[in-house]
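We call the chains A, B, C, D and E, going by the order they appear; numbering starts again at 1 in every chain.
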Amino acid sequence: MDFLSPEEWTAVALSLRVAIWATLVALPLAIWVAFLLARRDFWGKQLLNGIVHLPLILPPVVTGYLLLLTFGRRAPVGAWLADTLGLVFAFRWTGAALAAGIMGFPLMVRAIRLALETVDPKLEQAAATLGAPRIWVFLTVTLPLILPGIIAGAILGFAKAMGEFGATITFVSNIPGQTQTLPSAIYAFLQVPGGEASALRLVAVSVVIAMAALIGSETLARRATKRVMGA
Amino acid sequence: MDFLSPEEWTAVALSLRVAIWATLVALPLAIWVAFLLARRDFWGKQLLNGIVHLPLILPPVVTGYLLLLTFGRRAPVGAWLADTLGLVFAFRWTGAALAAGIMGFPLMVRAIRLALETVDPKLEQAAATLGAPRIWVFLTVTLPLILPGIIAGAILGFAKAMGEFGATITFVSNIPGQTQTLPSAIYAFLQVPGGEASALRLVAVSVVIAMAALIGSETLARRATKRVMGA
Amino acid sequence: MNLSVSIQHRFAGFTLDASFETPNGVTALFGSSGSGKTTLVNAIAGLLRPDQARVQIGDRLLCDSDQGLCLPPHKRRIGYVFQEGRLFPHLTVRQNLRYGSWVSGRQRDQAGETRVVDMLGIGDLLDRRPGALSGGEKQRVAIGRALLSQPLLLLMDEPLAALDEARKAEILPYLERLRDETDIPILYVSHSVAEVARLATTVVLLGKGKMLKCGPTAQVMSDPALAPAIGLREAGSVLTATVTAHHADGLTELAAAGGQVFLPRIGVPAGGTVRLRIHANDVMLSLGRPGRISALNVLPGKVTSIRSGGGPGAMVQLKAGHDQILARVTKRSATLLGLEPGSEVFAIIKSVSVAQADIGARNQSMAKSDTTT
Amino acid sequence: MNLSVSIQHRFAGFTLDASFETPNGVTALFGSSGSGKTTLVNAIAGLLRPDQARVQIGDRLLCDSDQGLCLPPHKRRIGYVFQEGRLFPHLTVRQNLRYGSWVSGRQRDQAGETRVVDMLGIGDLLDRRPGALSGGEKQRVAIGRALLSQPLLLLMDEPLAALDEARKAEILPYLERLRDETDIPILYVSHSVAEVARLATTVVLLGKGKMLKCGPTAQVMSDPALAPAIGLREAGSVLTATVTAHHADGLTELAAAGGQVFLPRIGVPAGGTVRLRIHANDVMLSLGRPGRISALNVLPGKVTSIRSGGGPGAMVQLKAGHDQILARVTKRSATLLGLEPGSEVFAIIKSVSVAQADIGARNQSMAKSDTTT
Amino acid sequence: GQVTVFAAASMKTALEDVAADWQRQSGHKATLSFAGSSALARQIEAGAPADLYLSANSGWMDRLEEQGLLRSGSRSDLLGNQLVLVGPAGTAPQPLDSTLIDALEGGHLAMALVEAVPAGIYGKAALEYLGLWTDIAPHVAQADNVRAALALVAIGEAPLGIVYATDAQAEPRVDVVAEFPAPSHPPITYPVAILTDSKADTVQAFLDYLKGPVAKKIFLRHGFTEPPQHK
């Protein structure tokens, strides 16, 4: 397609990959954290809550910088992960996904937690009396009932990942084909006089993708809500 | 206090003002939009939904740029607002609040909408049979029942506003005392070598404020949830 | 005010099609589980928008699909006691009770509130939230909330199902007073024939979404053909009688069409009229006037019909005066006694069989003194 | 298996303190609204963690605060029919019914499922979701779900309150079979004495959180002192009788301690034992053996006590054979007949007064043939 | 009396010193708004209340000039800078030849965005001039601004980076390992101009002060150079 240059297509593909991975990997974790925050009382709960919200509160550059200090090659955690799991984030698309996932994390957790808090514990009790162990209660009753919240969280995370720029570029820079996501490319175009038109093209692509995801998620969510509310 | 310079205190105060205004003004609008999206069917609903999510999807710089093109002094809407209502956004703290509000808007809408979708319509029906006109039903039943969602939305919006940087600096620049919010100040510090320590101080202030807001909101939300879930 | 209803609505796999018109008073909506009672009531309240509907109270037209008219629920002024409570969880019991006058801006009737709260026994609960109430307590609050919304029509969907007999016995007279003192029609869904017979002026019988029967209580209840639908145990007849005297031993003497009847004290002064529901099961037949027996009420009558099905029982309809009395006896007894239409028999009814729950005051002018009972 | 319960719990403004031990079979938990029934049942199910508790089924200790033992709900193997349904809204009716075997990994009992579905009349609803069910339909599914979870104890909180008489009459025999064929104890909360008397081996009477009485059904029910608590209308006695013959006219002849009794056909073969509940209201007393009367059952007996309160009625307790029969008559009748302890009287009971709902099969070995009735 | 200066973020420390000095001298206050040159230029196009624009490259200044937003005759090149190769403190000097790629040891060369940000553009031109670009291009990590590139080197994530001499001088954690010869890249200039809309009466005085010897000394102290002589 002539609309975008090959390099731009690469950026589109990369952005998609980053957003999808960020969402998929962060989602289970977000569910777990949301569950802890909504249902458990433990020491340091407010701390966890604060940490989860941190990426929202901090300017993205700061988050990116902190990521660099934590997951960089030379950073303790980064080095350890690279040595033991062979998992390298620095200057890789995985790092972009990590940044995007972390930036979207508070949004996911909030949505899921909100859904969790409206689940009627009476239904979970009913499941328990029918012989379901806790984990089964969660999987068969709680999880389906919070599906609309999970979908909302996922789409928020995905949208955020598609738009995330500050933390990503600070953490993994902008290496075409490896870490150059759509927002980085858009940013670059906006830095040069006359680059607006090119930026706009990429914005359009980004918007189209996110809208498709949004509409898809709406359909899913409507179905899930209908099931949950009955009818 | 010596911990921060007078200019930095100004930035803190400004950030607070911006975040509070952004949250307070955006909240009713977010409730209204969430209501439309959750409860009404109308032509262009998916469009509205998309527009609401746009600030999440777009890199903040783009949002800031679009704001500049729309609400700038020379821009049509901006000029019109200035002429008719005397409301100037360009290069004022009001503009920073507008940017922050817009960036946080999708988060608010989602949280509130999620809460709205779990309200049992049977309770609203009951209110109607007791003679409550629609608007009363909304105010006396729906609104209190979605209070946890509203609080969640507000705190997300507030946190986002405290951390928003890209759109703000692009839209209203970084003028100390007028549009220099904490994140802009942090950014500026990160632009100079050796500015990390100063940046860190500001980050700490930002985190403390946001955490205080967070913990406050948690308390409120817990109370609201308790009321709603009964007990 | 009379209530005129005509509603058609289809769900997947279920069609409701019912039209009836009932006079002032209480209309009992009766039918087995899943027969469409709640659907009908929802449609009247405006919560369900039926495919086709016409609902009119007196001369207030609430809804008419043909004219495209359909008042929203809050303009219908209907007090609805839901089958499942539906209390506002975020409001206290007191706030729930006052919700109706609050949102409609009507003057709150403090005396009425106190009366309702006392009657329902929820005075101790006023500051609690619904989440901390027992099932029956919730239902009582729901009843109170509907009563206090100053409705022009009351819809009650199995309001007393979750309550014990003692509590029912306290609430029923109140509903009777409501029926008699006000002009508010009541549509009352119930599975309990005892409640229905006592309260209802009219009975509407639903079955699988169709209206099977609609008519005055006495007539529907004593229709032997409907006994299976109502439940054999609950079949019976309804007599109207006038109080003639209150005796010192706690009995009230009444004059029914068929003769003199003694009942435990009724809270209606001499001259008042009451409705008595007599279970068919509670009526014994004797060919001769029985001797030294504990039953005080012996009404002479004539057999008008005998209906027997596959079971061992037979439903005998008598005419005593101009009243109809249903008696359920075994086929064996019918044979032993040689019963056939035209037989002269004595109906024996124990005074205590006609329990309080089955007696309803019917006299509007007198009913107020009833409060002191 | 016997059930032994001892629970103390405080809510703000309400204290539950009840201990009882009941033998195998059905235990009816009886008490007015807000008396603590649901709280007690929740504590047994493990949904409420009471301040102090000890619950034991047979030799399975579910919970003992003293030992610090408290099994979580899912390990208690309790089938709980909740007062408010609590169906899973995201699952179809079929999935709701199968939930128990699904999550516990137990083999699903297809035959049992078919039987339960038929009995509850929910075959047409299997693919629907709970949101589209009527109140009674929901409750039936909830009953089915609990029954099919293969519980070791059944807790039923007003399971039949939302159902019509016909449906109740279908479900009750099933519960009886459950009681008789299996070893599963049932704790049954109800406001309906008819249900209680028919099903229950033991009755526990709660009042304001305290246990007022616990004992065999016949004894609690025929205790004249408890009549006010139970409701006058519902007071009565329970007789045990043996089926002697089934007659061609649809009547079953039974031998009670006090004499021969005829009842509409009972689904128990000759030789089987049944329990009959006789409402005190349904018993008439006569000084001489009555003549040509439709009542088939005339049992001679001797007055043992007469209790009369402020009202016009008197509760007369008779001894007929070794059975106790309660009769409720007016004071006037008692005086007219000159009744006093020791008087020889005849108790007249109509066959049809002892309705199906009041007859419970009591013979375990015979009960199976019952299915064919 | 107040002058509002829109200045490229990289000039923050130096310009703040100068402004402070000017305030001491003249009693007038200069309000400094630091952001990216591009953002500032767009804001000026949108009517920002700025008096003076100090850009990090001539491109954006040219654009403003084309639009007639600069007070005619007020534009001049204020400063110059030098492009250097840096490594973490202690790195040995590195010749600018084909051994450069080996010196990366598989790591990345940190630069600013090579198509968008001046330091990146200059760096790319220099590498092309030296015939190293094609080989090194895949190893370049592009940060969104030169400070971020510097930070990558400073914390050891990148073994080498191309930054301005001013940056290198202020960051103790890096050492200059090579200097790019002036002819290898377009001249690095910091143009300054008064904006047409400027109302401040002191703006000309401030500009003169900026160009004056006192300010120049301060700038030189921060590592800036005299502006390169024009073609």
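The rule we apply is simple: a contact is a pair of C-beta atoms (placed from the backbone, for glycine too) under 8 Å apart; a residue touches a chain by one contact, two chains touch by 3 or more.
None of these values were measured; they are calculated from a predicted model.
Asker: Please report the minimal path length, in steps, between chain D and chain E on the chain touch graph.
Answerer: 2
Asker: Need the graph distance between chain B and chain C over the touch network, please.
Answerer: Minimum number of steps from chain B to chain C: 1.
Asker: What's the rotation, in steps of 5°, that superposes chain C's Cα atoms on chain D?
Answerer: 180
Asker: Taking each chain's centre as the mean of its C-alpha atoms, which one ends up farthest from the centre of chain B?
Answerer: Ranked by distance of C-alpha centres from chain B, the top chain is D.
Asker: Name the chain whose C-alpha centroid is most distant from the C-alpha centroid of chain C.
Answerer: Computed centres place E farthest from chain C.
Asker: With over half of the numbers shared counting as same, classify the chain A/chain B interface as same or different.
Answerer: Since more than half of the residue numbers are used by both chains, the interface counts as same.
Asker: Starting from the mean Cα coordinates of chain C and chain D, work out the distance between those two points in Å.
Answerer: Centre-to-centre distance between chain C and chain D: 26 Å.
Asker: Counting only Cα atoms for the centres, state how far chain B is from chain D in Å.
Answerer: Taking the average C-alpha coordinate of chain B and of chain D, the gap between them is 60 Å.
Asker: In whole angstrom, how far does the Cα centroid of chain B sit from the Cα centroid of chain E?
Answerer: Those two chain centres are 35 Å apart.
Asker: Determine the centre-to-centre distance between chain A and chain B, using the mean Cα coordinates as centres, and give it in whole Å.
Answerer: Taking the average C-alpha coordinate of chain A and of chain B, the gap between them is 20 Å.
Asker: If I count partner chains per residue in chain E, which residues reach a count of at least 2?
Answerer: 148, 151, in rising order.
Asker: Hunt down the residues of chain C that sit against at least two other chains at once, touch-wise.
Answerer: As it turns out, chain C has residues touching two or more other chains at 84, 132.
Asker: Two or more other chains in contact with one residue: find those residues in chain A.
Answerer: Touching at least two other chains: 61, 65, 166, 187, 190, 228-229.
Asker: Every touching chain pair, please?
Answerer: The set of touching chain pairs is A-B, A-D, A-E, B-C, B-E, C-D.
Asker: Show me the residue ranges of chain B that touch chain E in the complex, using the header's touch definition.
Answerer: Per the stated touch rule, the residues are 61, 64-65, 68-69, 72-75, 90-91, 169-170, 172-180, 184, 187-188, 190-195.
Asker: Within their complex, state which residues of chain B touch chain C.
Answerer: Of all residues in chain B, those touching chain C are 122-123, 125-134, 136-137, 140-141, 144-145, 227-231.
Asker: Can you list the chain A residues touching chain B in their complex?
Answerer: Touch residues, chain A against chain B: 46, 49-50, 53-54, 56-62, 65, 106-107, 110-111, 113-115, 117-118, 120-121, 148-149, 152, 156, 159-160, 162-166, 182-183, 186-187, 190, 199, 203, 206-207, 210-211, 214-215, 218, 225, 228-229.
Asker: Show which residues of chain C lie in contact with chain B when the two form their complex.
Answerer: 45-47, 72-74, 76-80, 82, 84, 86, 88-90, 99-100, 102-104, 106, 129-132, 145-146, 149
Asker: Which residues of chain E touch chain B in their complex?
Answerer: So the residues of chain E in touch with chain B come to 4, 6, 9-10, 12-13, 31-35, 39-40, 42-43, 45-50, 145, 147-148, 150-151, 154, 167, 170-172.
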